[in-house]
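We call the chains A, B and C, going by the order they appear; numbering starts again at 1 in every chain.
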Amino acid sequence: MMPKRSLPSFCIVGENVVIEEGVMIGENVRIGHHSVLLKGTVVEEDVVIGNHAVLGCQPFKNARIQHESIPNHPLFIGRGSRIGNGVVIYSGAILRSGVMVGDLASIRENTVIGHETVIGRSAMVECRTVIGDRCFIQTGAYITADMLIEDNVFIGPEVSTSNDKYMVRTRTLLKGPYIKEGASIGTNATLLPGIIIGRNAVVGAGAVVTTNVADGSTVVGVPARQIGE
Amino acid sequence: MMPKRSLPSFCIVGENVVIEEGVMIGENVRIGHHSVLLKGTVVEEDVVIGNHAVLGCQPFKNARIQHESIPNHPLFIGRGSRIGNGVVIYSGAILRSGVMVGDLASIRENTVIGHETVIGRSAMVECRTVIGDRCFIQTGAYITADMLIEDNVFIGPEVSTSNDKYMVRTRTLLKGPYIKEGASIGTNATLLPGIIIGRNAVVGAGAVVTTNVADGSTVVGVPARQIGE
Amino acid sequence: MMPKRSLPSFCIVGENVVIEEGVMIGENVRIGHHSVLLKGTVVEEDVVIGNHAVLGCQPFKNARIQHESIPNHPLFIGRGSRIGNGVVIYSGAILRSGVMVGDLASIRENTVIGHETVIGRSAMVECRTVIGDRCFIQTGAYITADMLIEDNVFIGPEVSTSNDKYMVRTRTLLKGPYIKEGASIGTNATLLPGIIIGRNAVVGAGAVVTTNVADGSTVVGVPARQIGE
C-alpha cells in the first residue's frame, strides 16, 4: 500500500481521476476515467475500478432519518475486487476479497460484503447490513438496513426488503430480514421486517413473505404459503 | 446569489466541476468533484451537492413520448438541501428547502418537491408530479408523471406507480395516483393509474391497488382488499 | 465517420469528455460534459449524448458468473439516437436508429435495441437480449439476459424478468421470457424464465406470470390467470 500520487507498480489510472489525501492503493490496481477516491479509502492489490465511481463518501446528516450511522472506519476494498461504472460506496463499508459490484450500484456505510459476493447492477445495500461469502445479490435488488445475510444466498433481481414495520409513523427498532445460508429469494419477491428465511429455503418469484420460512421449505404467493415438495 | 466564477463566501467546489452560464449559487454551498450545473440552475445557500451530479438538464424531444413537457423555469434547489452522488435533476424542477435527494436518484422537469422531503437513492420522479412537505420517497421507488402526493406521505422502497391505463395503446389522459396526507405505501406495492389513496391510509407491502382506498383504512393483497382494524 | 480529435462538422463536445482511440463519430453529434467513449465505439450522425455517460465498456471476467459473454463487436449507436445522463452501455451492444436511452440506464454486451425503441431511466438490459423496434421499456424495468422481445412491445415501470429457474443452484440453460409483438406488460409485473407472452397479450400490473400467455389474452393476479374479455 502506498499514499496518493506515488502510485505503486503496475497501476493504471484514467483521465481526471481524483484521489484525495490519505487514500491507500495496492499494486496492480486499474481505475477508469473520472472516478473519485475520497479521503482515507483503502484499495488492495489487483482491484479494478470502472469509470465515474465514487468511493468513500460520507452520509448526509438529517434529523428526519432514524438511527443514522457514522462510518466506523474508512472504505476498504479487498484484493481482486471489481467495481463497476458509476458505483457509489460509502466510507465504513468493507468489501472482502474478490467482491464484484455492478454498474450504478450503491452500498452504504458500516456494511460488510463477503468474499466473492456479487452485488448486481443498480442494486442498493443500506447501512449496517452484513452479507456473507459467495452470495448473489442480483440486479436492482434492494437490501435494507440492519439485515443479516449468511453465505451462499441468492437474492433475485428487483427483490425488495423492509426493516420498518410502522413505516416511520412510530420510532421503532429497525430490523431487516435475516436470511440463512443457502436460501434463494425469487425475482421481485418482497420480504417484511424482521422475518427469518431458513437455511436452503426457497421463496418464489413475486412472493410477499410476511412470516418466518422454515429451513429447506419453499413458499410462494401473496401472502407467501408453504408448498409441498 | 451570484453569477458563475465569482462564487460567494464559504463555497467549496471540487475538481472538474462544470458551472455553465447563468448559474446562481448562494453562500456556503459545497459541490463535490465532477458535478455539472447546467445553464440557469439556481442553488440557494447552505446546499451540499455530491460528486458526479447533473443538475438542470433538458428533456430530449421524442415524437413517441406522449404529453412531453418543456421546463417552465430553471431548476431551483432550495436552501439547506442535500443532493447525493450521481443524481440527475432536470430544468423545471423545484426543490423547496431542506430536501434530501439520495445517490443515483433522478427527478424530471416541472416537478415540485416539498420542504424537508427525502427522495431515496435510485428513486425516480417523473415530470409534472407534485410532492408535499416532509414525505419519504424510499430507495428505488418509482413515482410516475402527473401524480399528486400530499404532505407527510411515506412511500416504501421499490414501490411502483402508473399513469397510463392503456399502456400507450390508445392516446389517453395520463393520470397518476393521488396520495393524500399521511398515507403510507408498503414496500414494493403497485398503484394503478388515477386511484386515490385516502388520508392516513395504509397499503401493505406487495399489494396491488386497483381501486380507491378510503381515509384511514388498510389494504393488503393482490388485488388489494380492506382489512379490519 | 471520422477518427478521434478531428471531430466532424457540427459536433459539440462538453468539458472533460474522454474519447479513446479508434472511436468513430458521425456529423452533428452532441456530447455532454464528462462523458467517456471507450475504444472502438461507433456513434452515427445526429446522436445526442448526455453528461457522465460511459459508452463501450468491457464486461468483468468472473468465474462465478455463468455463460459470460465476450463482446462480439464494438458498441454501435445508430443515427439520431439519444443517450441520457449517467448511462452505461457495453461494447457489443447495437442500438439501431432513433433509440432513446433514459438517464442512469444500463445495457450489457451482445444486445440489440431496435429502431426508435425507448429504454427508460434506470432500466437495465442484460446480455444477449434482443429487443425489437418501437418498444417501450419503461423506467426501472429489468430485462434479463437471453430474452427476445419483438416489435411494439410495452414493458411497464419496474417490471422484472428472470432467466434462471434454479437460481444458480444448478448449472442450467438460461432462458429469459419471449415476448411477442404488441404485448403489454403492466407495472411491476414479474415474468418467470422461459415463458412465452403471446401477440397482443396483456399482463396486468403486479401479476406474477408462471406459464405461457395465449395471443390476445389478458392475465392478472398471483399466479397470473386469464380473465374474460
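Note that in this section contacts are C-beta pairs under 8 Å (C-beta built on N, C-alpha and C of every residue); 3 or more make two chains touch, one makes a residue touch a chain.
All values derive from a computational prediction rather than experimental measurement.
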| item | value |
| --- | --- |
| Steps in the shortest chain-to-chain touch route ending at subunit C and beginning at subunit A | 1 |
| Fitted rotation between subunit B and its twin subunit C in degrees, CA, nearest 5 | 120 |
| Where subunit A and subunit B are represented by their mean Cα positions, the distance between them in whole Å | 24 |
| Overlap residues in subunit A, where contacts from two or more other chains coincide | 16, 34, 52, 86, 104, 122, 140, 158, 188, 222 |
| In the complex with subunit B, residue positions of subunit C that touch it | 14-16, 32-34, 48, 50-52, 82, 84-86, 100, 103-104, 116, 118, 121-122, 134, 136, 139-140, 154, 156-158, 184, 186-188, 202, 204-206, 220-222 |
| Contacting residues of subunit C [partner subunit A, same complex] | 16, 18, 34, 36, 52, 54, 57, 60, 62, 64-65, 86, 88, 104, 106, 122, 124, 126, 140, 142, 144, 158, 160-162, 167-169, 188, 190, 192, 208, 210, 222-223 |
